[in-house]
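Here is the structure we will look at, set down as structure tokens.
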Amino acid sequence: MTRVLLTGFDTFAGEASNPSWEAVRLVAAEPGAADLEVTAVRLSCVYGTALDELRSAVERVDPDLVVCVGQAGGRPDVTVERIAINVDDARIPDNAGRQPIDVPIVEAGPAAYFAGLPIKACVAAARAAGVPASVSSTAGTFVCNHVFYGLMHLIATERPTTRGGFVHVPFASEQVADRAVASLPLPAIADALRAIVTTAATRTTDITAQGGSTH
Amino acid sequence: MTRVLLTGFDTFAGEASNPSWEAVRLVAAEPGAADLEVTAVRLSCVYGTALDELRSAVERVDPDLVVCVGQAGGRPDVTVERIAINVDDARIPDNAGRQPIDVPIVEAGPAAYFAGLPIKACVAAARAAGVPASVSSTAGTFVCNHVFYGLMHLIATERPTTRGGFVHVPFASEQVADRAVASLPLPAIADALRAIVTTAATRTTDITAQGGSTH
Amino acid sequence: MTRVLLTGFDTFAGEASNPSWEAVRLVAAEPGAADLEVTAVRLSCVYGTALDELRSAVERVDPDLVVCVGQAGGRPDVTVERIAINVDDARIPDNAGRQPIDVPIVEAGPAAYFAGLPIKACVAAARAAGVPASVSSTAGTFVCNHVFYGLMHLIATERPTTRGGFVHVPFASEQVADRAVASLPLPAIADALRAIVTTAATRTTDITAQGGSTH
Amino acid sequence: MTRVLLTGFDTFAGEASNPSWEAVRLVAAEPGAADLEVTAVRLSCVYGTALDELRSAVERVDPDLVVCVGQAGGRPDVTVERIAINVDDARIPDNAGRQPIDVPIVEAGPAAYFAGLPIKACVAAARAAGVPASVSSTAGTFVCNHVFYGLMHLIATERPTTRGGFVHVPFASEQVADRAVASLPLPAIADALRAIVTTAATRTTDITAQGGSTH
């Protein structure tokens, strides 16, 4: 049995819902693999607060695997993030009105942490489930990256046996039916997350597969 | 009972499948409304030939409604086409290697025909089914527009009581799982087509709803 | 000597300037060919009013060639429009607050008019001047298409020897320096317009060159 | 007098030219500020080799400031890179046919280095020169990021008083005149680089300005 903590986010930027949280709930309700115990937690879209909530959830759930999930509106596919960087640089205010600019997440922390997931295998698994997916080399500099970096720092400094990573999901089709922007239906997003979680729970080493970007 | 002819296209441009045909087959198998009799026909992606096949199918099926469907790879949503224009201008060769440049489809035909569908109502119906959709003001100048113009010309000159139009669908997610491009899963595309066909079969007048483009 | 009427538009949609008008002024100040007499006129971004202004300018200038120019924010290159369609369908209000939906521009007018320019030769000329350009098959359904259709209808019904067409230009770099969107510097846009006007003034037949779109 | 080493790249991926090298040459020929001594060097688009060439150039020029420049085809503006990451992951083969996958650039090196430039001030300077610019949080995982990381590692381990960073430039308009993709003319790209180099040469601290990304 693998204990999995899955997190999604509150709505932000004027959206009526956040597909990260909607999809995470679907996966927790039906993990899709018998030996996974999945707990879903919704994080505030607020710098600092989100990390406090994540830390509490980690303490409560004591997970083997943590996958944080956020919305990347405009991306056409599910993206498994490669790296978290040590900077908060908000393009828009968070849900508490905070807008930090070029502030380190962890004073004197390393510049970045690589994800602790087999990212290429996770991408391959989502694709095998019929859902477009790829590797991303930037999680941005908003609350998503903040949580991702905070998670990896927590693991690096306090929980060496926990594995962790971050996945960005596109807009849900249901959310943007009246906008001509890329999206995937929530059930497809949930399918991708199931494939990713199952893969991350069972593999410790990655596969060798193309997935870089020229820029 | 409304007799509906739905057409999709053969694969082209090196793709392994064409979501227009895959989705059209799903709708014909399960139209989603009791009083629709849907016949699905696959057209060649060949100038001229596609129109011959369409004409034969129309003669055979004697439809009240014809909705032709094609793939618009790269578009993020299902688009109901507003207008067909009287020109073939191929960016790539068709499946027979033909590449006409700036040739009228119908010598001395009108410059364009507007679709015979309630396009805004069709868009609203697809959205209500949870699938992103919008109006498009260009069907391009390849075989899709060729078939659309040919259909509207056939209706204008020989079948005044038949209604007809054209719908472009995005890449199917299953088709591009390993490419970071916009897509929708085939079942979602089929849902949109069901909503569009049902609406087009039951409404003769359109709704007044925003749906234009600034350019 | 060829008399040329070039029109640009007022600013709209909250922009601080309109590159169509800025570029048109540059061309009128320096047409780049000795035998062109270029008059630049700025049109209101208002349905109806813009066409009244265009008609007055045509009567005053008595041009051999009319090229109307508008902004297509988001397009990456200069686009020579292929066809004007007989519908106003506003996605946003015009500068007078009008927002017509699915209204014909000319009651009982034809569905569309093709441009009266050698569009492929115009595109080739802009490219030869080093400026990215292509053919577009939709001028949208806002005031740009409205003016384009009105111009072609005026020519078709009252001025058979005048040639006319429409060109969309991208955002000016100067206008969007702080936004990550496609743009070209104003001097480059003006260079493209010079090449297009010179070509349209001297050629009556088009070249055969690839330039269609699959959708 | 500030000694500046500017590098561009060889052509790659089938392009006929590389705007990074073309623009860098323009800047070296005319730096635009009296107290800058700019040396331009072209690097091979080859993993490993490019870094050897960079190291040689640094030894020869003994620069106060190093700005490496690469092409980011498809980006609409000039982007100042925020961070270099310790991984080679080639989506396409480099010019020597090498295609490393998920290999560290420096075995046991830190996961990432932040740029040593005042990136927000550099962006502001390019914009003030009328050229669209923004911060980027990923330089990809191809030879550009490879050189960027190698440069920052060289500085961190051997040249503590040298400042360094990386700038990605869009396609040059001249290069893609026949493709409908975002671009800027070479002189505009060179103007942006001049503004960036001058700023980086004269400022050691950054400004506080918005420039993050939500994902």
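We call the chains A, B, C and D, going by the order they appear; numbering starts again at 1 in every chain.
Here, a residue touches a chain if its C-beta (ideal position, glycine included) is under 8 Å from a C-beta of that chain, and two chains touch if they have at least 3 such contacts.
Just so it is clear, the structure is predicted and the values come from calculations on it, not from any experiment.
Asks: Taking each chain's centre as the mean of its C-alpha atoms, which one ends up farthest from the centre of chain D?
Replies: Here the answer is chain B, farthest from chain D.
Asks: Check the residue numbers that chain C and chain D use where they touch, and answer same if over half are used by both copies, otherwise different.
Replies: same
Asks: In angstrom, rounded to a whole number, how far apart do the mean CA points of chain A and chain D lie?
Replies: 30
Asks: Quick one: report the Å distance separating chain A from chain C, using the average Cα coordinate of each chain.
Replies: The computed centroid separation for chain A versus chain C comes out at 46 Å.
Asks: Could you grab the centroid distance between chain C and chain D? Build each centroid from C-alpha atoms only and quote it in angstrom.
Replies: Spacing between the chain centres: roughly 37 Å.
Asks: Of all the residues in chain C, which ones touch at least 2 other chains?
Replies: 75
Asks: Taking touching chains as linked, do they make an open path (line), a single closed cycle (ring), a hub with spokes (star), an all-linked set (complete), or other?
Replies: Basically the chains close up into a ring.
Asks: Dump the list of chain pairs that touch, please.
Replies: A-B, A-D, B-C, C-D
Asks: Hey, which residues of chain D end up touching chain C in the complex?
Replies: 75-77, 126-128, 130-134, 173-174, 176-185, 188
Asks: Any idea which chain C residues touch chain B in the complex?
Replies: Result: residues 13, 70-73, 75, 82-83, 85, 87-92, 99, 101-102, 110-114, 120, 135, 137-142, 144, 168, 206, 208-215 of chain C touch chain B.
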